[in-house]
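Please go over the structures that come below.
First chain A sits with chain B, and in the next complex the same chain sits with chain C.
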Partner chain A sequence: MTERAPDVSVSPPRSRSKYTLAPLVLIAANVVLFALFFLWPAVIGLVYSFTNYTGVGAFQFVGLDNYQRLFGDSTFFDALTRTLLYTVLFVPLNFVFSLLIANVLVSKHAKGVSVARVFFFIPWLLSPIVVGVLWRWLFGENFGLVNYFIEKFGGSAVPWQSNADLSLMVVVVAASWAWTGFSMLLFIAAIKNVPTSYYEAAALDGAGAWRQFISITLPSIAPTSFIVILLNTIHAMKEYPLFASLNNGGPGTTNNLLVQYIYQTGFKSGQIGYASAASFVLMLILMVVAIVQMMVNRRVENR
Partner chain B sequence: MINVGARRSRRLGRGGMRRLVPLAAVATAGALLLSACGSGSDSGGTSKSLTFWISTVPGQDAGWKKMVAQYKKEAGVDVKLVNIPYDGYDAKLRNAAQANSLPDVAAVPKLDPIWSNKLIDLSSIANNKSNKINANFLAKDSSGKVLSIPSDITASGMFINKSLFEKAGVSYPTSPSKTWTWTEFIKAANEVREKTKAKYSLTFDQSPSRLRAMVYEMGGKYVHADSSGKFSVDAATKKAVNTFVGWNDDKTMPKSVWTSGADPSAMFQSGDVVAYWSGVWQVASFAESINKFEWASVPTPAQPVQASDVNSGGLMVGFNNNGAAATAAQKFMSWLYEPAHYQALCAASGFLPVESGLSPKYPFKSEAAQAAFKLYNESIPLYAPISGYFNTAQTNWVLKGKSLTEDPTKTELGKAINGQQSADKALDNIVAGYNQQVGG
Partner chain C sequence: MTTTDMPRKVDADSVRGVAKKGPRGGRSGGLRRAVPATTLLWVLAAIYAVPVLWFVLSSFKPAGDLFSLPLTLFPNNPTVSGYKAAWDSANFSQYFINTTIVCVIATILTVGVSCCTGYALAKYDNKWLKVFFVGILATTMLPGEVMLAPQFLVVRDLGLYNSLAGIILPAVLTATGCFMFRQFFLTVPDELIEAARIDGARELSIFLRIMVPISRPIMLTLAILSFQWRWNDYIWPLLMLNDPNKFTVQIGIQSLVGAQNINWSVVLGGSVISMIPLIVVFLVFQRYVMNADINAGLKD
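Take a look at the complex of A and B:
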């Protein structure tokens, strides 16, 4: 026993070195990159939000002034309201559209599924700038394809760009078109994982396709739905390139979303401190959205 | 077992490895930094060799290449031409200044306080009467030292759909000495639109420079600083801007350009727009791209001021790296701005010259393009000094360590056209933006 004692006492440190050093080395690069490109900028951003930093030279700490200013800034609230409106319009539209397509594509009656999947997935591979340019060609107010056909059939050109609400609607539809492929793939994977025996049993009980969808499919894919809604919400709250390329936040500044407001305030007007405060307000909103959605999801799962 | 642990320690180098990784990282970073520092070491020439930085799209550096080769033949000085990508050119110059490895000569997009104290005085070239350099576009400091001379200049230009004008039977001026007013131009363009069922009378670049040119021509000074550096707008500017906003009625001009960023050039090139207010740089592209109708450049309107907003295509500067190289750089630039050499440069590169009295032979096949360049070369000497105000003001801001990062004109007038605010309120906001960024 006395001879075996050193084995017992030495082994744990050796196994620690075996299983801790290698993982540490392997993740070191990620840790460094995370610290350098996320943690450090985030800390700097937080510090800037309490200063009057303009991007060059020295700065002074101004306490909560930037945050107080934000609450009295109508442009900020306009951008925030428009961002929320865009999110409220985009997320359900994308959800319904992608779920509908996913259901059609998993149907045993569907033909040409592989081609259709690629067809619906391609828009998601395009850069948002390209998507914006494409939809601008379609819904250009002056020389767009849609107005061309409207006028050709005797109608009047629709102000797709110079009417604020129509301009927003075009972006909502374009974004849904571009994001359908991604959400669709998640839904297809989830729907395929629902045991077919559920549907067979429901069919034996006389449930139709709609009842099966409501009572089996939707509850079974709830976790995926949660992920799709969460990702789409976060994406919508941070949307920028699609607006920049499609209507430049216009007409005027009516469709300037929060990220565009932050970019213009920080980098174009040289108010880095103020823009940092707006960024942190956006981050807080996103965190609240994520937490609320997680709580709701947990409650649904525990039912 | 202890022995095993010891062997493992040696094999893996537990402590050694941990020390080695950061050491290796530091060594690599150090090597990279050293190599980065070394990259600029080819600058700072001698009396027989100079380094010359430019930034042009590959293929459009023909004039520079030609002049450098000719200078080597005539003066025996080897000028090494380095074409730097536009993105990052400013940063590269800043880094070179901090590493004490600036080029000897450069064509730069703008001056920079980081290196402006290293510039050679170019007044002997600028003041040489035989060169006939337009003094409105020189960058000078408060002591009168000439910091830069434009390599070429750009200005606003009015393009018309000549086919539509002819179809409507409406005439237009062809000589800058007998030009029209904006009121006459708009009346003519509206008449052409109505007679030919064109979609719009005019598309107008969403650009502060174009608006400045129009305001200057209507007798205003746009956003102008007084002696204390405080900005304001005059009554003529307010009137001109209100007129401009009123034109955006989806007939005379489409609202979508200034409110939503629609492309005015594409609209004009579609053939369904009577005229287009843009920059002279469009000539080269229209020479190739417009085939379905005839186009022409017409004299810029004067109401009553004959003016434009003239900017530099590039600013020629010399850096004082060392005595011999500085003298050689000065000699090279003196040679370059001799009218015969400068004319050859402008012809080969398609530049509008900053020197008057030249007739460069441009390589355009399009008659409209040739006529356009002839018109602009005749027009530029007639422009009032206000035409160079903004270009000079930018230099002065730089010398004070300031810069207009964002001209609020586009955003504020976009809001006015969209009905979010009045044109006067937009001007108030624009003035506030100028005062905040470059005032005082």
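Take a look at the complex of A and C:
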């Protein structure tokens, strides 16, 4: 081996692989954590989804019963549709606003960018619980600021909490508001990486700001747009705390989302097996979302 | 001195001259463009700032004034009674201590473990490292929310139910953290390691004495993110904790809102208190967060 030392510069990968102990020590902690808190739960989750386990005592294998029951369970379907509707509303709204704001923030002409940036970012720092409380306070039916202004300008109070669709809409707006800071950061980094020469060339050809945005900015940041949409979709599918504090899944149970459904069947009613099956359906949906978006992304990039 | 001053002056003038001849005639054109862009920026900023502003200002109103019409932006008789009530009620100070313990320990562990893993993934080349890398990737596909029930059972069987360790330990493995460090260490030239090896340094001391110090910016970035994740965590602590003395701040606030008749004065005060630490951390370290190249996918 020592004779081969000059080779090091030619093929570093081979020389690196002769170290075993050091990398093993370095990743040991994470391997243990991975096995304990990811691998083990994933495996027993899959096993439990085929059982009638309640969290304690003995259990029996029931085959695909849980999954069959899920497909006949209207509560589950309501939670699923509501989750999908929420995702479909939240993702585009968040996308448009964070992209708009990122563009304004990188603009050479806008003044006070560094201060304004903090205002867009603070909502992202707040916990979903506080965001929920805050928007509940703004959109209170009898006391909220929004209804106050509506009434002041001659309208009548809007039932933000007792109408299921309006109630969902408030959460969508609140979530978009809270998540702008994060998506905006990703967009800013991407827009800054677009070579300025593209814009200069376009300006010489007489392209206006809108034309430049459509023809240069948007295609150049496509990979980032993909990441933003993917992360936001996955995030939205798992949303729960915001609903918990904003309307508690209400009015009634109309806005119970998937994670809340899993939480309630698994922990409130002790049907661990059934909740695990629901979890795996959620996981399948997330994987399909990720795969579809990756395929779309690949096609966009190959174009 | 004068000779060096002269050309500099000429330079400055000619540069200014060029700028004046720039597109759309320099200053006035810049102003014409600055006004709409700046207006749009600040209208948007106001839209984003108003909810927080209204919320924070309301928290200084006495309970009786919260709903008195007409609504006023600024409290007429500012008071901190809501804050005092929140702090005294429902053991808020205990929640604060618990959350701080969780955040600090989890953050230290997350940064340390992620740094080690990221370095190993970037600088060593073994088959099983690649396998583990795929494993970490899988954790992003199968997030904790999807495995609530089985993860709960595992942590319970490990004897960690109703303990802060049960919140801290499962949070330490983060794909984002590992990716951030891996990306960083990939940019560090291998020659640096080779040179140290030739000097007779051992593998782990190369890591500890050379690599750990130069990765400080990534450490800070991940520390801020990790602190934020743990501070804002809700569903996992809710599952793990049964004893009100171990509750975290978020559970405390949510239990205040969950009540039938919300005492808004207390809720507002408690919520504002809960956001102060993060805002402070952010304002102190904001340049790290704002400049972080976070394309590895921030989850959690």
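Methods note: the second predicted complex is superposed on the first by the 282 of 303 C-alpha atoms of A that agree within 3 Å, B and C clash if a C-alpha of one lies under 4 Å from a C-alpha of the other, contacts with A are read in each partner's own complex, and residues count from 1 in each chain.
Throughout what follows, a contact is a pair of C-beta atoms (placed from the backbone, for glycine too) under 8 Å apart; a residue touches a chain by one contact, two chains touch by 3 or more.
This is a predicted model, so every value here is computed, not measured.
Undergrad: Have a look at where A:S167 lands relative to chain B and chain C in the superposition and call it first, second, both or neither.
TA: After superposing on A, A:S167 lies in contact with chain B but is clear of chain C.
Undergrad: For A:V194, is the partner it touches chain B (first), chain C (second), both, or none of the two (neither)?
TA: neither
Undergrad: In the overlaid three-chain picture, which partner chain does A:L85 touch, first (chain B) or second (chain C), both, or neither?
TA: After superposition on chain A, A:L85 lies in contact with neither partner.
Undergrad: Would you sort A:T253 into first (chain B), second (chain C), both or neither based on which partner it touches?
TA: Touch partner of A:T253: chain B, not chain C.
Undergrad: With both complexes overlaid on chain A, does A:I101 touch chain B (first), chain C (second), both or neither?
TA: Touch partner of A:I101: chain C, not chain B.
Undergrad: By the touch definition at the top of the document, which applies to A:V146: first (chain B), second (chain C), both, or neither?
TA: Neither partner.
Undergrad: If we overlay the two complexes on their shared chain A, which of chain B and chain C does A:S269 touch? Say first, second, both or neither.
TA: It touches chain B, and chain C stays clear.
Undergrad: First (chain B), second (chain C), both or neither: which does A:L231 touch?
TA: Only chain C; A:L231 stays clear of chain B.
Undergrad: Identify which of chain B and chain C touches the larger number of residues of chain A.
TA: C
Undergrad: A:F119 in the overlay: touching chain B, chain C, both, or neither? Say first, second, both or neither.
TA: A:F119 sits against chain C, while chain B stays out of touch.
Undergrad: Under the contact rule defined above, give the chain A residues that sit at the interface with chain B and also at the interface with chain C.
TA: On chain A, the overlap between the chain B and chain C contacts is residues 13-14, 17, 21, 25, 142-143, 248, 267.
Undergrad: Under the definition above, what is the set of chain C residues touching chain A in their complex?
TA: 23, 30, 33-34, 36-38, 40-42, 44-46, 48-49, 51-52, 54-55, 58, 66-67, 69-71, 113-114, 116-117, 119-121, 123-126, 129, 132, 135-136, 138-139, 141-143, 145-155, 158, 169-170, 172-173, 178, 190, 194, 203-204, 207, 228, 231-232, 234-235, 239, 250, 253-254, 257-258, 264, 267-268, 271, 274-275, 278-279, 282-283, 286, 289-290, 292-295, 297-299
Undergrad: Would you tell me which residues of chain A are touching chain B in their complex?
TA: So the residues of chain A in touch with chain B come to 6-7, 10-11, 13-14, 17, 21, 25, 28, 140-143, 159, 161-162, 164, 167, 247-248, 250-254, 264, 267-270.
Undergrad: So in the complex, which bits of chain A are touching chain C?
TA: For chain A paired with chain C, touching residues are 8, 12-14, 16-17, 19-23, 25-27, 29-31, 33-34, 36-42, 44-45, 48, 55, 100-101, 104-105, 107, 109-113, 116-123, 125-130, 132-138, 142-143, 145, 148, 177, 180, 182, 185-186, 189, 203, 224, 227, 231, 234-235, 238, 240-241, 244-245, 248, 259, 262-263, 266-267, 272, 275-276, 279-280, 282-283, 286-287, 290.
Undergrad: Where on chain B does chain A make contact in their complex?
TA: Touching chain A: residues 1-2, 4-5, 8, 12, 14, 17, 21, 199-200, 250, 254-256, 259-262, 266-267, 270, 272, 405-406, 411, 414-420, 433, 436-437 of chain B.
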